[in-house]
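Worksheet: the structure to be examined is printed underneath.
First chain written, first letter: the chains are A, B, C, D, E and F, and each begins at residue 1.
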Amino acid sequence: MPTIFFYGPRLDKEKSKEMIKDFTETASQVTGIERSAFVVYLRESKPENVGVGGELLEDKLKGT
Amino acid sequence: MPTIFFYGPRLDKEKSKEMIKDFTETASQVTGIERSAFVVYLRESKPENVGVGGELLEDKLKGT
Amino acid sequence: MPTIFFYGPRLDKEKSKEMIKDFTETASQVTGIERSAFVVYLRESKPENVGVGGELLEDKLKGT
Amino acid sequence: MPTIFFYGPRLDKEKSKEMIKDFTETASQVTGIERSAFVVYLRESKPENVGVGGELLEDKLKGT
Amino acid sequence: MPTIFFYGPRLDKEKSKEMIKDFTETASQVTGIERSAFVVYLRESKPENVGVGGELLEDKLKGT
Amino acid sequence: MPTIFFYGPRLDKEKSKEMIKDFTETASQVTGIERSAFVVYLRESKPENVGVGGELLEDKLKGT
């Protein structure tokens, strides 16, 4: 039943699969809980909805 | 002020209303807090952004 | 795989069981997904760590 | 490293910037942690996916 | 109904009140939604349960 | 700025470090974002506060 949330950039299908596979393997190994019990949520965060250090990430990425 | 988050499939309007009504009734009854204090967030999770047992849910649903 | 988070007061064991059972039944019925796929997290929120309307809930409950 | 999540209505760019700037300033001042360590996530919640007091917010806003 | 979650260090009562008051004022002003609709959750994160840049925050703070 | 939340059992210090290190490495590699930008929160969930398939995890683990 452990659950992992990832808030970050949008990932294509190959990268999503890799992230989910690796997170689940790590978490299963570290906790000793079988892989089938893990759920991973990839929650996309667009740079226009994230702030880092008080500034919009969208602006920071543009070097504004 | 209690708050409920539901991460799951997209629901149409009738199902959203039913989920919100029933969650709120249950939670109000169990806690003894008035219904008006509850907020429910339905957070859609697409099968392409969820991993179960290390695999992409999108692939599991397709039987891939 | 749907996941439900409840942020609210501490519940004793009987109430926790009731909340989990009812949430799961509602969610399973509304979505058509089997009950075994649902995970519910009861996340306790103490009144000293919650704000409602700009005030500490702890103070509101005391009528301060 | 502190992290702030805001679940609420969609904000235009100017309002997003203001929210992020003010949240970060407040949180930095109150905690004494430098501003660069704070991340703010603005998570949009549409009225069709929120329940308040057991009713869909979308319906409440329409006065239905 | 907007909801704010703050994941960060433990705050004493005065600081909790200040954080809640200021977050709520900012959010109410930016969104135009009345203050009474806002809920703020202060979720304590101990340095032994946080990782920054791949390292335990507890170790980073000790300069280890 | 990506952020990872892990809801699961309590981990000792060595396991916490391993989880944080591996999650960060995976996420950095998959996204191409530098490791220093990642924050990981390990959020403990006690079996008395988790429901799986409508039952309390505490009871399931006991075979009740």
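The definition used in the following text is that contacts are C-beta pairs under 8 Å (C-beta built on N, C-alpha and C of every residue); 3 or more make two chains touch, one makes a residue touch a chain.
Quantities reported herein were computed from a predicted structural model and do not represent experimental measurements.
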From chain A, what is the lowest number of touch steps before chain E is reached?
2
Same-interface partner of D-E, chosen from the options D-F, A-B or B-C, over half of the pairs matching
B-C
Homomeric contact chain A-chain B: same or different residue positions, threshold half:
different
Decide which interface, B-C or C-F, involves more C-beta pairs in contact, and give its chain pair.
B-C
What chain is the most remote from chain A, judged by the mean position of CA atoms in each chain?
C
Please work out the Cα centroid separation of chain B and chain D, and write it as a whole number of Å.
20
The distance between the C-alpha centres of chain A and chain F, rounded to whole Å, is 12
Distance between chain A and chain C based on Cα centroids, please, to the nearest Å.
24
Give me the residues of chain A that touch two or more other chains.
1, 3, 7, 19, 23, 39, 41, 45, 50, 52
Draw the chains as points, connect those that touch, then say whether the picture is a line, ring, star, complete or other.
other
Chain pairs in mutual contact under the definition given at the outset
A-B, A-C, A-D, A-F, B-C, B-D, B-E, C-E, C-F, D-E, D-F, E-F
Footprint of chain C on chain F - complex, ascending
7, 45, 48-56, 58-59
In the complex, go through chain E and note every residue touching chain B.
1, 3, 39, 41
Residue ranges of chain F touching chain A (in the complex, touch as defined):
1-9, 11, 15, 18-19, 22-23, 26-27, 30-31, 33, 45, 50, 52, 57
Using the touch rule from the top, collect the residues of chain B that touch chain D in their complex.
13, 16-17, 19-21, 23-25, 28, 35-44
